[in-house]
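For reference, the structure discussed in these notes is given below.
Chain naming follows the written order as A, B, C and D, and within any one chain the residues start at number 1.
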Amino acid sequence: MIAFLIYLPFLLVFVIFAVYAERKVSAFMQDRIGPMETGKFGILQSFADVLKMMQKEDIIALAADRKLFLMAPLVIFVSVFTGYAVLPLSADIQGSAAETGIYFLLAVISLDVIGILMAGWGSNSKFSLFGAMRSVAQIVSYEIPLGLAILCVIMLMQTLSLQEISLQQVGGLGFIHWNIIQYPFLIVPFVIYFIASLAESNRTPFDLPEAESELIGGFHTEYSGFRWAVIMLSEYGMMLLVSLIAVILFFGSWNTPLPNLGPVRLADWTSGTVGQLSADVWGTFWILSKAMLMIFVQMWVRWTYPRIRVDQMMSLSWKYLTPIGLFMVFVSGFWKLWM
Amino acid sequence: MIPIEHYIVLSAALLIIGLMIIIIKRNAIMVLVGVELILNAANINLVAFAKNDPLLTGQMMSLFVIVIAVAESAVALAIIYQVYRHQQVSNIDELDELNG
Amino acid sequence: MEQINFNILAFYGFAGLAVISALMILMSKNIIHSVFMLVLVFLSVAAIYIITNAEFVGVTQIMVYIGGILILMMFGVMLTNRIDGGKMLTEHRRIIPAVLLGLGLAFVFYSTLQTKFPLAEFGPQSELDKSVTETIGINFMTHQLVALELTAVLLLMALIGAAFLAGSKFEDKK
Amino acid sequence: MVDLNSILMLAILLLPLVGGLLAYMAGNRGGGVTIATVFAAVLGIAVWSFLTIPAGTNLQADWIRLGEYSFAVGLWYDQLTGIMVMVVALIALLVAVFSMEYMKHDESRARYFGLLGLFAFSMYGIVLSSNLLLTFVFWELVGFSSYLLIGFWFDQVKPPLSSFKAFVMNKVGDAGFLLGIFVLYAYFKTLNIAELLVLAEAGLDIPDAMLFMAGLGLFLAAVGKSAQFPLQTWLPDAMTGPTPVSALIHAATMVAAGVYLLVRVFPLLSPDVLQLIGVIGGVTAFTGAFAAFAQNDIKKILAYSTVSQLGYMVMAIGAGFPVAAFFHLVTHAFFKAGLFLCAGSIIHYFHETNHDHDFDAQDIRNMGGLRAVLPITFVTFTICTLSLAGIPLFSGFLSKELVIGGILSSDLPSIVSIFALVSVFMTAAYMGRLYFRVFFGTQVKSRFVENIKMKLPLMVLTALSFWAVFTLNPFGSHNGVTDSLAQIIFNPEMAHYTWLPILSVVLAVSGILVAYLYVEKGMLVKPVSASKKIWGGLSANNFYLDYFHRKIVAGGAMKGASFLFFFDKKILDRLIDLLAKAEVVFAHFVGLIDKHVVDGLVKLLAWTARFAGGRTRKLQSGNVQMYFVWALFGLLIIVYFLT
C-alpha cells in the first residue's frame, strides 16, 4: 500500500519534469536551447502548461458517445496506474506482494487497450478511430514479443513475483548480480523488451497511433484540457512503468550497481541496512534513478529515429521479434537446465 | 467465509442472463457475448468448488475453459466476419437462407 | 477478522457489479456499450477469482478475456457493422420466451438450492503445501499434461483456422 | 495363278480407269494424248484377246457373303464380248483422237478426258461382266459417267437439266433391271449369265408370270438405257453434251448396252415378252423417224435417227433374231459414230470460223454448201448416210435387210412390219433432207482446212461402213460375220424374201429422192407444207412425249399423291381423330374418377402430411435462437418431469 501511495504523487511530479526534460533533451539533441522564459532555464514551463490545461474548457463533441468519451481517459489512467500496485520500491516497500506480479503487470498493460478503444470509438471521429485501431493493433501485436522477453527472465528466475526477482539480484558485487550480467544472453530479450515497450507506450518510433502528421493526434484528437492532460499523464506513466519493469527484470531492481571492492564496501554503503529507513531510501533512489536513465534512453530514441510505417511495424513484430523471442525462450530453457 | 451457495447463485444469475442475451439479441456478436457470460458462470463454479480441493483441479479446468473460449471466439468471429462479408448480414435471424 | 470481512465485502460488491453489468448488457441496445459492460463483468469475475484464492486464474481472466477476447469482439463489431457515425444498435426479439425461460430456469435453480446441497460436505478448505501458482504449474506439467498439450493443439488449430477463415476471400458463386 | 487370259481381260477393264486418272492428272495439255494412247493400247489388247482368248473364258471371285448366300463377281469372254469390246475400243479411240482437236479450246479438257476413261471403264465392265449383279454395278456407273459427260458444260443452262433428265429416265429402267435381278435370283439362286442360260435351256422351273416379270424387268432396263419408247426422250436432250461424247455414248456404246444386254440374256425372254419387245421396238423406230423430220438441230436429227435405229434392233430381238439385232448394232455403231463425228466436224468448223455468240452452230437452217469447205466430211457423211439409209454396198443395207427379214418371218403383229418398212422410207427421207440442206445449196468459200485428227477418225469409220468389212456378198450377210455370231447366239432359221431387198432399196431411194426434190428443187412444197400443218407439231415435239411425261406422268403422280393426301387427311385422319376423341372422352371420364376418388384419397393423405409438416415446419424457422429457445424449453420440461 505504501508503495502505491508513494507512486501516485511521484508520478504527478515526474510527469511535469518529464515533459520539461523531454523538451530540454530534444533541444539538446537538436542543438538548441528549449524553453527558457518561464523560471530559471524555463523550469516552470511545465507548471504553466498544467495550469493552462486546467483552465481550458472541457469540450465534448456533439456526436461523441458521451459516456465512453468521458470514461476513456480515466480507464486509460487507471489501467496504467494499476500496474504500479505490484511494483517494489525497496526490499521492504512493496505494493501488493502478489505472487503473480509480473503476470498481473502484463495483463494490466493490455487493459490499456480498452481505454484507447473507448476513446477512439467514443470520439466518433475518423482520426480517433483510426488512431485507436492502429494503437490496439500495435499494442496487441507487441504484447507477444514483450511477453516472450519477460518469459525468458521468468524462466531463469523461477518466479512471477517482482520482489523475488529483485531479491535474486542482491549481492555484494553490485551490478555483477544483475540479470543481464548473470545471464549475458539476456541482452537479446532486453532489446526485444525495449523495442516492444516503446510500442506499448506509443513512443516514437512507434507513435503511429498518434502520428501528428497523419492523424492529428490519434485517439486523443478530440480531447482537450484536463482530460487530455490525463491521457498524457498515462502515457508518461506508461513510460515510467515499462522502464521500471525493465530495471527490475534486467538491471538489478533496487540494488546498487556499485560492488564491494575489498575494504571499499561501496555496495554496502549504497544499500543501507535492510529493515531500516536507509535501505528504503537507497532502494528507492536506485530503482528510480535507473528508471530515469531508461526514460532518457527512450527520449533519446524518440528524437533520433523516424517513425516507421504500419507494415514495417507489423512485420517487425511478427517476423523478427516474435521468432527471436521464441528462440530466446529456448535458449533460456536450455541455460536453466544445463548451466 | 463466503458460503458456496453464494457463488452458485452468482453463477446461476450470470448463466440466466447469458441465456437471455443469447435469445434476445439479434446481433451475432451479442450472442457471442452471451456465450462468454455463460462460460464465465461455469468458471465461477469451477473456481469456487476448487477452494476445497488441494489439487486445484477446478482452477485448472477453468484455465482450460478460458483457453478454449479464446479458440471458440476467434473461430466464431472469423465466421461472423466471413458471413458478413458475403451476405452483408450481421444479424443472426436474417441468416435463414437454408430455411425449409 | 477485518481482512475476511473486507474480502466478503469485496465479493458481494464485485458479485453485484457483475450481475448489474450483465443486466445492463441485457438491457442496452447499444452494442459498443454492451461490449464495454462486458469488460466490467469480466473484471468483476476476475476480482471474484482473486478473492477466491485463484489469483492465477483471475489474472489469466483479465489477460485473456479482456486483453484478447474483448479486443477481438470490438474488432468484430467494427468490421461487421457499418461505421457511419451513428450508434450501433441491435434490436431485441423474442423477449417473452426469453423472460419465461429465464424465470423457469431461475425457478429450477431456486428449487434445487432449496434442497440440501450435496457439495456442502466437501470438507474444510485445505491448506496447500505450495503457493497456488506453483501448484497449478506443477499440476499442469504432471497430472494435466495431456490435457494441456491437447488444449495447445486445439488453440493452434483454432488460430490457424480463424486466420484462414477471416483472411481468405471465398469466390462468390453467383 | 492368274493366267494370261485373265490378265488381258483385267487389263481391258482396268486400263481405261487408270488411263482416265492419268489423263486427269496429266492436265489440259497432256490429257488427250494420254487417253488416246491408253485407248489405243486397249484396242490392241482387245484385238489380241479376240484372237487368243477361247470363248467361255471365265474369271470369278466371291464378292459378298451373306449367311449362306454368296454373291460372286466375274468376267466372261466369248466372241460376242470380243466383238463388242473391239467396237467400243475402236470407237473410243477414234473419239478420243477426234476430241483432242474438237475440245482444244476447252478450259477443263483434263476432266473431259478423265471422264472418257471412266466411261470406257464402265462400258467394258458391262460388256465383260459374267454376272448380272456386276453388270448392274457397271450399268449404274455407265449411267453416272454419262450423266457427268452430258452435263460436262455445267455452267450453261441446258446441260445440267438434260443430264438430270437422262439420269432420271435411266433410273426408271434401272428399277426394272433390279426387279429382273431379284426375280431371277429368287428362282435360280445365281446371277451368273452363263449358268442362267444353261438353266433356261434345261427347262425353266419358274412360273410363267415370274418369267414374264423377269423378262419385262430386263427389257425395261434396255428401254431406259437404249432409249426405247416411252423413255426415249432423254436421248435427244443428251445432245447438249460435247459432240464426240454423243458419238461415243449416244450412238455407239451406251445406248447399245441395252440391246447388248437383251442379246446376252435372250434365252430368258419368254414369248410374251418378245411380243412386247417387238411392238415397242416398232413404235420406237417409227416415232423416232417421224420426230426426226421437224428437227432443225443437226445433232437432234441424228439423235432421233439413233432412237429409230435402236428401235430396229429391239424389233429384231422381239422377232427372235438377236444375231440380226447385234449385227445391226455393230454396223450402226460405226456409221452413226461417223455421222456424229461429221456433225462434230461441221460444228467445229462453225465454232472456229464464226465467233458470233448468238449464232447457233448446230442449226441446219444456218448451213449450206459445206461440200467445198469440208470435203472429207462431205464424203464421209455421204457414205454414212447411204449406209444408214440402207443402200446396197454399204453395211447398213446388210444389217437392215437382216432385221426386216427377221421381223417379216416372225409372228409379230403385222403393224410392226409396216412400221419397219415405213421407217426405212422415212429414214432415207430425213437423212436426205439433212444431207442436202447442209452440203448443197449456196457455195461457201472459206480458208478452212480439216485437221488430220478429225479426218482420220472420219475416214476410219467410213471405211468400216462398207459391206466388205463384214461379208463379201454385198446383198446378203449370210456368209460373213453373222454366221460366226450364229455359233454363239441363238439364231433360228430365217425365211428368205427375194422381194424384200428390192422393196427396201426402192423405199430408201424414193425417200432420198423426195428429200432431193423438196430441198434442192423446191418441188412438193404444197403437200409437205400441208402435212406440216397436221404433223409438224407432232413431229417436232416427238408426239408430245415430253409433255406427256411432264403433265400426265409427273402431274398424274402429283394428282394421285394429292388425292391420297386428301384421302389420308379427310377420311383416314377423320377416323383416327374420331377414335382419339372417343378415347379422350373416355380418358376424361377416367380422369374424373381419378381426380375425385383416387386423387381425393391421396390428397387427403398428402394434406394430412402437409398439415403435420406445416405445424412442425414452424419450428424449423431457420432461426438458431429459436432453436435455442425450444431446446431450453425441452430441457425445462425434462427437469420438471424428472423432479
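Annotations
Just so it is clear, contacts are C-beta pairs under 8 Å (C-beta built on N, C-alpha and C of every residue); 3 or more make two chains touch, one makes a residue touch a chain.
Because the structure is a prediction, the values reported are computed rather than measured.
Relative to the whole-protein C-alpha centroid, the nearest chain centroid is that of B.
Among the pairs C-D and B-D, the greater number of C-beta contacts is found at B-D. Between chain A and chain D, the centres computed from C-alpha atoms are 118 Å apart. Distance between chain centres (mean CA atoms), chain C to chain D: 107 Å.
Inter-chain spacing, taken between the CA centroids of chain B and chain D, is 101 Å.
Chain C has its Cα centroid 6 Å from the Cα centroid of chain B.
In chain B, the positions touching at least two other chains are 19, 23, 93. Chain contacts: chain C has residues 56, 60, 68, 75, 93-94, 97-98, 101, 105, 132 touching two or more partner chains. In terms of which chains touch, the assembly is arranged in some other way, matching none of the line, ring, star or all-to-all patterns. By the document's touch criterion, interfaces exist between A-C, B-C, B-D, C-D.
Against chain C, in their complex, chain B makes its touches with residues 1-2, 4-10, 12-21, 23-30, 32-33, 36-37, 40, 43-44, 47-57, 59-60, 62-64, 66-75, 77-82, 84, 86, 90-91, 93. Chain C contributes residues 4, 7-8, 11-12, 15, 18-19, 22-23, 25-26, 31, 34-35, 38, 41-42, 45, 48-49, 51-54, 56-57, 60-61, 64-65, 68-69, 72-73, 75-77, 79-81, 90-95, 97-99, 101-102, 105-106, 109, 113, 117, 119-120, 122-128, 132, 135-136, 139-140, 143-144, 147, 151, 154-155, 157-159, 161-163, 165-166, 168, 170, 172 to its touches with chain B in the complex. By the touch criterion given at the top, residues 617, 620-625, 628-629, 632 of chain D touch chain B in their complex. Chain contact summary for the complex, chain C toward chain D: residues 93-94, 97-98, 101, 104-105, 108, 111. Remark: chain C residues 32-33, 36, 39, 55-56, 59-60, 62-63, 66-68, 70-71, 74-75, 78, 83, 85, 87, 131-133 touch chain A in the complex.
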